[in-house]
Amino acid sequence: MSEKGRRAGTERGTDRMEAFSDGVFAFAITLLVLNIHIPSSTDSLSHVLVHLWPSYFAYLLSFVMIGIYWANHHYVFKLYAKTDHAFNLLNLLFLLFIALLPLPTLTLSEYLLDPNNRTTAAVMYSSGLLLQAATWSLMWLYASWGGRLLDSHLEADFVRRLTHQYLGSVALYAIALGLCIVTRRRASRT
Amino acid sequence: MSEKGRRAGTERGTDRMEAFSDGVFAFAITLLVLNIHIPSSTDSLSHVLVHLWPSYFAYLLSFVMIGIYWANHHYVFKLYAKTDHAFNLLNLLFLLFIALLPLPTLTLSEYLLDPNNRTTAAVMYSSGLLLQAATWSLMWLYASWGGRLLDSHLEADFVRRLTHQYLGSVALYAIALGLCIVTRRRASRT
Amino acid sequence: MSEKGRRAGTERGTDRMEAFSDGVFAFAITLLVLNIHIPSSTDSLSHVLVHLWPSYFAYLLSFVMIGIYWANHHYVFKLYAKTDHAFNLLNLLFLLFIALLPLPTLTLSEYLLDPNNRTTAAVMYSSGLLLQAATWSLMWLYASWGGRLLDSHLEADFVRRLTHQYLGSVALYAIALGLCIVTRRRASRT
Amino acid sequence: MSEKGRRAGTERGTDRMEAFSDGVFAFAITLLVLNIHIPSSTDSLSHVLVHLWPSYFAYLLSFVMIGIYWANHHYVFKLYAKTDHAFNLLNLLFLLFIALLPLPTLTLSEYLLDPNNRTTAAVMYSSGLLLQAATWSLMWLYASWGGRLLDSHLEADFVRRLTHQYLGSVALYAIALGLCIVTRRRASRT
């Protein structure tokens, strides 16, 4: 634990929280590879490898998503001067949806080419992304509300810009989810 | 290793112990997702996803349990001034039951809807929680006994309150386990 | 977070990036063991264990590859004075191919003894190594271009030597991949 | 990276090496739980859970082994003043056998109750332990030879005692392996 963490007393520094979060990020991102299934025997391996493309696509997409959240976490935690218990719990809630992402990723890999179920898989995947974005924004709103946990040197403009950016991405994911649901309804009617 | 750890000589600081523990917490919590099984093909994916609810429930429960222990670990380790060999081993024993939690979680997911076996699964799951709480309390009792490893600035009242809280939760889990065992007996008699 | 990271402001230190990368290295290298499959029952276990040698071979090869990259990462990051956003993303891209290595490793284990598919497995494995080497070199070229992120005390000769070394290994892997492709074509013609 | 690591220049400190090793330890110890297989349906769950005892036994044994090595690693790395490239590679070799332990653990779980194969499983498991002890001792011998990497304040007596202890445990595991091999021969003759 750094000097900073130790000095802080009851209002703790963010060191171990970052270390734990980094562990979950790194592990979730590395677990994604287990979602790509190579059969243990086949006539033509090259044929199998080419037809695994939905798995590669889902792997890449989820890797990028977790990677971006890691980079954001990395970036934003420099702006926090301290944490409190509620913030710890919000961070856990956010990590729950990071750690859960391999599940919709696997679903997307398996059902992207299945015409009956692909819209269901897309609804599940975009729900996963929306829940990540929503809990992420919740963390930020809690921490920045009245400057609760923020470094006091930050400018109000900068903080407001980040708020708009995060809420904007929640809106985008909500729209994406909405489109998936509409497409699914239309598909099931035909 | 921090200056603190290095200076400490034979009585070592808690830095690497916390890092190792954080690793186990982070991996155990992330491994939980592997317990949710998506079939590789199905007629109705949405039907399958809805009927996986016992898996989601068990995932959520175990995620929260490990998360709370992580937060407690995080919190309590600020109160320790040093560690010793026996404490290291107690921490390992505690981590053994943290790392084992994916097993009762999987059992609960698979058998929550099976009327013949669900009480057995509940007995197993609550045993898992009891063993975590018991080894956690053991660590605390060892460290706080006569102030052995504690920061000397802590007030006796505060230490006593934590002791009561930890022993209280052991009692609660023991009662929960007892109730599961009684229910199981009654179920098997009918 | 170290003092160094905290002081750096918008141009951040490399601490958390190294911690996250170490996490991915450590998990990818440890996940490799899941690629070795022990059947749950057999007449002669010793016979099975001996015939798993392609799995041991692929495990060893991939362990050494990830280990060497970890050591290089460890070494090179001492030469960087700072990071920026683009470098962060390049590091993520490199880690994507580190985290992906269990996949070609599994493919190599399963198909090394299959005469119809072993050259395909070799093409896949050497592509994996080439992509790691290429993204690694890309990181270095980006960081060292005009000394962008490097410690200003490094000698130009030393930097040039590293550049040659990294580009040399990219060339070697490209040649290895070329040979695998040629062998595969020749094999499929007969 | 700590001040210590950064100041060290070409002869690097042990910080990132410890972090990486901790990652492998923590991950290998947490992966062990995946070796315990719960069937997805059964008539009597309690019967299944009781008959999994070889899995619990192997889990416990391997958890303790990795835990002890982690504690030793933790302890011994306080005695090192620096690392060099060869030592880094020896540490990797040691970690290879730590990361490999889930494999003999699984083998032991699956074949402990199979009279035809249990001695083979025991030979494999004790080989795994011997290789860990041997590479661990190799690290120590390399680091302590002429005090190469050790803190110069350590007393010669203390260093000699550790050397004896490590070589002694190698001898013990070698004897255990020998006994397993002899038992196996005798078993296959009858």
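Letters A, B, C and D name the chains as they come in the text, with residue numbers starting at 1 for each one.
Heads up, the rule we're going with is that a residue touches a chain if its C-beta (ideal position, glycine included) is under 8 Å from a C-beta of that chain, and two chains touch if they have at least 3 such contacts.
The structure displayed is predicted, hence computed values, not measured ones.
Where subunit B touches subunit D, under half of the residue numbers in use are shared by the two copies, so each contributes mostly different positions. When every chain is reduced to the mean of its CA atoms, the largest separation from subunit D belongs to A. Each chain gets a centre from the mean of its Cα atoms; for subunit A and subunit D, those two points are 35 Å apart. Computed centre separation for the pair subunit C/subunit D is 25 angstrom, with centres defined by C-alpha atoms.
Annotation for subunit D: residues touching 2 or more other chains are 2, 19, 23, 27, 31, 34. Of all the residues in subunit B, the ones that touch subunit A in their complex are 2, 4, 14-15, 18-19, 22-23, 25-27, 29-34, 36, 38, 40-46, 49, 59-60, 63-64, 67, 70-71, 74-75, 77-78. Partner subunit B is touched in their complex by these residues of subunit A: 1-2, 5-6, 9, 12, 16-17, 19-20, 23-24, 27-28, 31, 34, 37, 85, 88-89, 92, 95-96, 99-100, 102-103, 106-107, 110-111, 114, 116-117, 120-121, 124.
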